[in-house]
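Given below, in the form of C-alpha cells, are the structures.
Next come two complexes, and both contain chain A; in the first it sits with chain B, in the second with chain C.
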Partner chain A sequence: MENTVTVTIDGITVKVKPTATILDAAKQAGVRIPVLCADDKLHPYGSCRICLVEIEKSPRKFTPSCTTPVADNMVVKTMTPDLFEARKRILELLLCHHPLDCPVCDKAGNCQLQDLVHEYGLGPSKFTEKKRVVPPNYKSAVIDREVARCVLCGKCVRVCREQNAVGELAFTRRGKESKVSTDFDQQLDCEFCGECVEICPVGALTTKQFKYRGRTWNMERTQSVCNYCGCGCRMVYETRQGRIVRVRSAARNYLCGKGRFGWDAVHHADRLTTPLVRVSGELVPATWDEALAMVVTNLNVIKNKRGADSIGGLGSVRTTNEESYLFQKFMRSAIGTNNVDMLARLKVPKGLNTTFFSGELSNISGHDVVLVLDGDVAELNPLTGIEIVRAVNRNYKKLILVNSGYNKLNRIASCVLEYVSPDAALADLLPALKSGQGTGAVADAAAILKEATSVAVIIPARLPDGTYYQVRELLSLLKGATTYPVVKRSNFLGALDMGVLPGYYPGYQKVSPDVVSRFASAWNCMLPEIPGKNALEMLDAIKQGSIAALYIMGDDPAGSDAGLKPVLEKLEFLVVQDIFLTETAKMADVVLPAVSSAEKAGTLTSLERRLQGISPAEEPLGDAQPDWNILQTVAKKMGSAMHYASPSDIMKEIRALVPLYADLAVGSVWPAEKSPLHGSETNLSLLSDSVEKNDVITSERLLFSSGTTTTRSKELTTVCTFKVEA
Partner chain B sequence: MSNKLKKAIKTIFLVEIVQGLALTLKTMFTPSVTRQYPTVKRKAFAGSRGLHYMDRDDSGLKERCIGCGLCEAVCPSKAITVVTIPGPEREKLVASYELDLLRCVFCGFCVDACPVNAIKMTPDFELACYQRRDVFYTKERLMDVGDRYLHRKTGGSK
Partner chain C sequence: MEKMLLKRVDIPNANDIDVALKHGAYGALSAAFGMRPVDVVNEVKRATLRGRGGAGFPTGLKWELCARVPGSLKYLLCNADEGEPGTIKDRFILHQDPHLLIEGMVISGYAIGAERGYIYLRYEYPKAIGILEKAIEQAYAKGYLGKNILGKGVNFDLSVHRGAGAYICGEETALIESLEGKRGQPRIRPPFPASQGAWRKPTVINNVETLSNIPFIIGMGGDAYAKIGAETAPGPKIYGVSGHVNKPGVYELPMGTTLREIIYTHCGGIKGGKKLKAVIPGGASTPILTESHLDVKMDFNSLVAAGSMLGSGAVMVMDETVDMVNVAYVLVRFFAHESCGKCTPCREGTAWLYQVYTRLMHGEGKEGDIDLLLYICETVKGKCFCPLGEGAIQPVLSSIKHFRADYEARIKSGVVSH
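Entry: the complex of A and B
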C-alpha cells in the first residue's frame, strides 16, 4: 500500500491513511482509547479531552487523539500513570456540575460518563461547592431535555447539523452559562428522529416515551427491521416482561421518528384481538372456527357458482415476504385465479425494478454528484435523505436539488432548481446538458453534472409517463449514473418479488405454460394459465359485477380513497385481514385479526433489494395470528395442501422456486442483472386518474404520517398536535 | 481375668445406670436450656435477616424508594419487581414494588444495593401463612411491615 504512514500505538505498529486521526489508528490497532465526544457518525470535535494520549518527542505533554492526525513514525502511548491521573481529573471536573442522580436517570447502565467514572474509580470529589441548578425543559414533544445533566460534548448539536442537516439544537449562552438549546429556548421543531437522544453520552436528552419505563439492564433485546418505509433500517426492540418499551437503532444505524417512536401503535386499543363476522348487518366477535368456516363456505360457493376468476385478492406491502408468497400461492392454488395484485402499485415510480434498479444506499456518498429529483425524499425515505446529507457533509460531494418548496436539503444543496415538478426541471436541464443552453441555476447544474464521473440520481416516488422518458434520457446523458428510486412502503419490493402480481409468478416469472407447469408440479395442484386482472381492472370488474368476492390482506382501499367505498359495497363477499378495524375492514363480511411486524418472524426486502429478517419481540395480541398462518388455515380448509410450521419453512420453498432468492443470504442484496425484467420496458407501477391511493395524513409533514399505523401511534400524534398548537 | 471380674461387678451393681442417673439428678438443679418458643421469643441478633420492609420518606406519606431498580438487578433469585412511571410533575413514581417471598433467599443484597436505604430487613422470620397470595408483598404491605416494626403511628397504607 502506498500512501500510508506507520504509527506505533502501545507497541503495536499499524499502517494507516495519512488523513486518519490517532483515534482511528488506535481502533485499527485494537487499542481502546476512552472517548466521550467522538463518534463514527461525526467529524472530530475534541471537546471532552478524555481521549488524551502521550506522543513521544512531542512538545505537548498530552494530545487529544480524536482531533490529531497521525504522522509518520509517530509513537503513541494511550495509558500511562500520568494519563490515568489526567483523565481522572477531567472526569472530576465534568462531575462538578453533573448531578449524581444515576438512580433515577434513564441513561444509567448505558451512560458513557457513568462507565468512565466507574472505570477510573473516582471517589469523593475535591470540588464541594453547590452544583449548578438548571431547570429541565419538558416543553417539546417526544424529547425531554434534562439540561443539568449535559456535559456540553456537542454530540447532539453536531449529529443534528452534520448527519441530519436540521440544526435544531445549538449551544446558547457563553462560559459557565452555556447550554444546548433551540433558538430562544423554544420547543423543538425538528424531525424528531431521536438521533440526539441516541447519541447523547449522558442522560441529558431522554424520550418522553421511555421516561422511567425501565432500566437498561432489565431489557431483553430483539434485532429486527423497521416496517415503516422502504429503507429497511435495522433496529432493536427492547422489551420488558414481554412488552416493548423502547426501540433503538441497531449499532451504527439510523432511525427516523417513525421508526423510533411509531412502534407504540402496536399497543393501541384499536388492535383487533378476535375475528369479526357480519351477522345481520353488524360485525360481531366470533371464534376462529366460525370466522374461517364462513370464509371457506362463501368463497367455495362463489367459486363454484361463478368461477374462480370472480374472486380477487389484494395483497399488502406491510406483510413479510413469506406472507406475500403465501398470499399469491393461496389465490393461485386454493382459489385458482391469477387475480392477485396490490393497490400500492399506484404509489411507486414507473420503471422500478425494470430500468431503475436501486443501488445500495450506503454508496450514495461515493458518487461525485447527487441529483435529487424528488425534494420530498428525506421525508419519504429518511435513510436516503441521511445518506444524501452524508455525501455532502462528510464526503464533500455536490448536491443538485429539484424542489418546489424549502426543506433541509435546500440548506446543503450546491445548486437548487426551483421547479414545481421534476418534468419542468428536466425540460430545462436536458437541453442545457445536451447543447449548453440555459441560464442561472440550470446552467450551473448542467456544468456540475458534465464534470461529474459518477452521479447518484434520486428517482421520485411518482413518475408519470412523460417524466419517465425524460429521466431515461437524462440517465443516458450522464456518466456513471446510479438510480435510487424512492419507495414509500416497507416491503413493496418483497411483495413484487414474491409475485403479488397478476401477470407474474414469484421472481418475476411471467405467467406462461412452462412456468405454470413448473409451479403446478411444485405446488401439486392445477393452476390458471391466463394472467389475471390487475388492481385497477379488478375494481372495474367489481363495478361491472364480474368479481363477486375480494380477499384483502393488510390493505385499506376504502380508507385511502373514499370513492372506492361504493365499489366495495357491490361485493357479495369481502374478507379483510388486518391489525386494525380500518375503513375497509368495517365494510367486510369477515375480519381476521393479524399481527403487527413486532409480533411475527419473517423477512422483508428493502428498496435496495436487501433481504432482512424480522423477529418477534412480543406475543401476538389476543387471538390474533400471523398472516401466513391465517392463509395456511384457510387454504387447508379449502382443500389445498399447505403445511408450514414456521416462516422459515415457507422461505425454504421460496428458495427452491425463486431463482432470485435461491442463494440469497439474509442481509445481502440480490443483483439487478439477475432479474428477468432487467432492462425491459415492463411497467410494474399502475397509473390511474380515477382511483387514488391517498395516505391518511394527519400532519403537514409526510415524515410523521404514513397512514393506518402512524395515525395510531401516540407519540407521533403528539408531534402533529404539537405543531398545530404552536 | 481381672477384666472379667470388673465387668461382672459393673453388671451386678448397675454402676453405669447410677452414673447416668447422677447426671440427670445434677442437671435437674441447673437452669433450663429449652426455649418456650411460641410463647417466649429469643432476642434477635444484630444483623439477622428476616422479612423486608419499606421505609417511608421524610414526609412519612410515601415510600422512600426512588425506583432505581438496583435491588431488582442485584437480586439473585429474581424476587423483586419494580415498575416506575412518570408522575404529574415529570418525577419518577414507583408504580409498584413487588416482593415474592417464595423466591427470596434472604441474602440481603437488596438492602446493600439500595442507594437511599429504602428497603430494609426486620428480624422477623415467622413467615408462614395460610394463603399463597400472602407471600407476595406489595409496596403498601412492605410499608405496613415497617410501621409495625418501628411502632410508627403515622402513615398506614394508602
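Entry: the complex of A and C
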C-alpha cells in the first residue's frame, strides 16, 4: 500500500495513514490506550493527559497519543512502569476535588473515571488539603449538571459545538475555577439531544428521566431503531424489570432529543389498553371478540350492500413494513379494493423515490459542497442536520444554505441565500450557474458550486411541483450531485415500498393484469383489477357518499386537519387502530388498541432506503396488540387465509413477492436503480388545496415534534414549556 | 555597544512618525523591497536571529516554513502580550518607538508573503493601544502601510487586537484562539501555525523585540549582525532588570553579557550594599539561580547549561533578606491563577501547589511538606499540554534545590506571613 507509514506499538507493527494519531494506530494494532477526552466523534483535544505513551528516541519522556501524529518507523510503548505511575498520578489529580459520590451517581458502573481508578489501583491520596465544594445545577429541563463530578475533558462542550453546531455549553473561568456552563449560567435552551450526557465520561451530566432509575449492571438491553423520523437512528432500550428506563444511542451513534427522551410516550396514561366500541353514541371498553365481531359484521354488510370499493383504507407512516404490507394485503384481498393509501403523501416532493433518491447520510460530509435548499432540515431530520454540520466542522467542506430565517446552519454556512423559498432562490441561482449572472451571495454560491466536483443537495420536505423542474435543472448543472431528500416520518418510504398505494402493489409494481394475477395466485384469492382511489379521492368519495367505511391504521387525519372532522362524520363506519385515543379515534365506531414500536418486532425502511429491524423491549401494554396481528385476525374472521406466527413470517412473504426486498439484508440499502419507478415521471406526491396535513405540533419547534406520539412525551413537553426565565 | 533597538527610545516624541523619520525610521523598507522575499528570509537566517519571546526559536527557519506554504492568504502576528512577570522590554518599544515595530512587521510580512498583520496587545497596556493606533494611522497616511507601499506593489495591512488579560494568551496558539474570538487556550500542534494558524491559514507569530531586530538585519546585513554578541544567538538583547539593584531598568546589551556585568556594572550592584541571594534570569518560569551562577552568559545556550533559561530576559534580583518560600509562593500563585485549566496536570497540580504554599504561609507547614511539593512537581512534570504548566513547577523545584533551609525554617517556626 502506498501512502502509509509503519508504526510499532508494543511490538505490534501496523501500517497506518500518515494522518493517523498514535491512538488510531494503537487501535489498529489492537492495543488499548486509556482515554478520557478523546472521542472518535471529535477533533483531538489533548486535555486529560491520561493517554500518554512513550516514544523511542523522543526528546520527551511522555507523549499524548491522542494528539500526536504517527511518523514512519515510530516505536511506541503504551505501558511501562513509568507510564503506569504517570497515569496513576493524573488520576490522583482528577480525584483531588472529585466528590467520590459513586453510590448515588447514575454513571457508576459505566464511568470511565471509576473504571480507570479501579484499573490503576489508586490507594490513599497524598492530597489532604481542603476539597472544593461545587454545587450541582438542576435548573434546566431534561438535563442535570453535577458540576463537581466534572473532569473538564471538554467533550460535552465540543460535541455541542463541533457535532451539533449549537454551542450551548462552554467553559467559563479558568484554571481550577474552570467549569462547563451555559451563557451566564442560565438554563439550557438548546436542542436537548442529550449528546453531551452520552459523551460525558463521568456522571457530571445526567438526565432527570434516568435519575435513580437503575444501575447499569441491572439492566437489559434491546437494540432497536428510532421511530420518530425518517433518519432511522439506531438505538438501545435499557429496561429494568421489563420497563424501559432509558434509551441510548447504539454504538455511540447520534440520537436527537425525540429519539433519546421521547420514548416515555409509551408509558403515557392515555395509552389504549382495551378495544373500544361505540354504544349509544359513546365509546366504551369491549373485549377483542366483541370489537372484532363489530368490525367484521359492519365491513361485511357494507361490502355486500355497496361493494368493496365503498370501503377505503388509510395506512401509517409509523407502522412496520410488515404491518404496512399486511394492511394493503388486507384491503386488497380481504376487503377486495385498491382503495389503500396514506395521507402522508400530501405535499411530499414530486420526484421523491423517482428522481430524488437519497444517498447514504454518512456520505454527506464527503462532498465538496453541501447545498441545503431547506433551512428546516436540521429540525425535521436531525441526523441529516448533524451530517451537514460534520461536513463543515469536521471535514471543512462548504455549506450553501437557502434560508429566510436564522438557525444553527446559518452560523456555519459559507454562503447564505436569504430567500423565502427554494424556488425563489433557484430562480436566481440557475442563471448564475448557467451564464454567470447574479451578484452577492448568489454569485458566491454559483462560484462555489462551479468549483465543486461533488455536491450534496438537500431536498426540502415540501417542494412545489414547479420547483421540482428547477431542482432537476440544477442537478443537471452540477458535477457529482447526490440528492438527500428530507423525509419527515419514520417509515414513510417503507409504507410506499410496501404498496400502501392505490395504484401499486408492493415494490412499485403497477396495478396491471400481470401483477394482479401474480399476487392473486400467491395470495390465493381474487383481487381487484382497477387502481383504487388515492387518499384525497377517498375523502371526496366520503363526502359524496360513495365510500361508506374507512379503516385507518395509525393515522390521525382529524387531528392534523380539523376540517376533515365533518368529512369523517359522514362515514357509516370507521375503524381506527392506534395506540392513543386520537381526534380521529374519538370519532370511530371501533377503536382497536395497537402497541408502540417499543413493544413489537418488525422492520422499518429509513429515508436512505435502509432496512432496519426493531425489537420489543417491553410486553404489550394491557390488551393491546401489534397492528400486524390485529389485521390478520380481522382478515381471518373475514374469510382470508392469513397465518403468520411473527413478523418474520410476513417478511418471508415480502421477500418472495417484492424484488426490491428479495435479498435486502437488514442493515442494507436497496439500490435506487432497482426501483421500477427510477427515473420515471411518476408522482408519488398528492396535491390538495383544501386538505391540510399539518403536523400535530408539540411546540413551536419542529425539532421536538413528531406527531401524536411526541405530544405524549413528558420529557419533550417539559422542553417546550421550560422557558428561560425572564 | 551602540544602542540599536532602544536607539530612538530616549528621543522625545519618537513615537510620532515625523520625529521617527528624522531618526531613520522606515529606512530599511526600500532595501528590503529591493530584495526578493526569499532573500529577506535568507538574510534573517544568516543573522541567526532567535526569537525573543521566550522559546528562542530560529526566526529565519520559522519564516521559511511559512513562506514555503503555497497560498496567498497568510498572517503575521506580533506577540505583544508581554505577560511574563518581570518582563517590561516590549513596552518600551511599544510606547516610545512603535514605528520600529511597524517597519519590522512590514518587512517580515513581505518576506513570508503575508499581507495582513495583527499586533496582539497585552490588556494591561492601555496606554500602548492609543500610541499604536496613532502610529499605524500615521504609517498609513505616509504610505508605509496599506496598498502598494513605496510604490513597490507591496501590500500590508496592520491593526491592533487587545487581549483580555490572560497570561496564557502570550502562548502563540492560545494567542491565535483568542484573536479568533475563542477561549484563550493553547491548540494542539501539529498543525503548526506556520501551516495552519490564524483562521487555519499559514501564520507567523513573533515577539515585539524579535520583529524590531529585522530592520537592522536588513540595514547592516545578516553577516554583520551575526557578529554582535553571543555566537549561537547573536544580536542585541534587551534585559529588563528589577528587584534589589541600585538601578533597575531596561538595558540593551549584546546577547551573552554576563549576569555579573548586568547586575554590578550596568545596574550598580545590590541596593544598600546587601548580599545577593537569588536571581531569576528570564521571567517567572525560568529556574532560580544563585550567586554561584553570576558568571553565566545571558544567552539561550549558556543559561540552559547553567540549569535555567533566558526566557524573556527579565532579570529579577533578590537580596539576602528575601525568603525564598515567599518568592515561590508568589510565583505559584501566579501560575495557579493563570493556568488556563485545559489540561489536568497544570490545572490541578498548580492548584494543589498553591494550597500547600498557602498553608506554609499561614504557618501551617507540616513535616513532609517539602517532599509533598516535590511529589506534586513530579506529578505535573512532563505531562502538561503547554509550557505554562512545566514552567509553573520551576520556581518550586529550584527554590527547594538551592534554598531548602528556608523551607525547613518556615515549617519549623510556623511563622505566619501575608
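The rule is simple: the second predicted complex is superposed on the first by the 721 of 726 C-alpha atoms of A that agree within 3 Å, B and C clash if a C-alpha of one lies under 4 Å from a C-alpha of the other, contacts with A are read in each partner's own complex, and residues count from 1 in each chain.
Operating definition for what follows: a contact is a pair of C-beta atoms (placed from the backbone, for glycine too) under 8 Å apart; a residue touches a chain by one contact, two chains touch by 3 or more.
Values in this document were obtained by computation on a predicted structure and should not be read as measured data.
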Chain A as common anchor, with chain B and chain C clashing or fitting: fit
Touched partner set for A:152, first chain B, second chain C, both or neither: second
Which superposed partner A:213 touches (first chain B, second chain C, both, neither): first
Which partner, chain B or chain C, touches more chain A residues: C
Chain B versus chain C as contact partner of A:170, first or second or both or neither: second
Which of chain B and chain C A:57 touches, first, second, both or neither: neither
Chain B versus chain C as contact partner of A:643, first or second or both or neither: neither
Which superposed partner A:252 touches (first chain B, second chain C, both, neither): neither
For chain A as apex, the angle formed with chain B and chain C - C-alpha centres, to the nearest 10 degrees: 90
First, second, both or neither for A:103, with chain B first and chain C second: first
Minimum Cα separation, chain C to chain B, after superposition on A (Å): 28
Contact residues common to both interfaces of chain A (with chain B and with chain C): none
In the complex, chain C residues that touch chain A: 166, 168, 183-184, 188, 190, 200, 336-345, 347-352, 355-356, 359, 372, 375, 378-379, 382-385
Residues on chain A engaged by chain C in the complex (per definition of touch): 44-50, 52, 60-62, 64, 67, 69, 86, 89-90, 92-94, 96-97, 126-127, 129-130, 151-152, 154, 170-171, 173-178, 396
Chain A partner contacts - residues on chain B that touch it in the complex: 66-70, 72-73, 84-86, 90, 92-93, 115-116
Residues of chain A defined as touching chain B within the complex: 102-104, 108, 136, 138, 144, 208, 211-215, 217-218
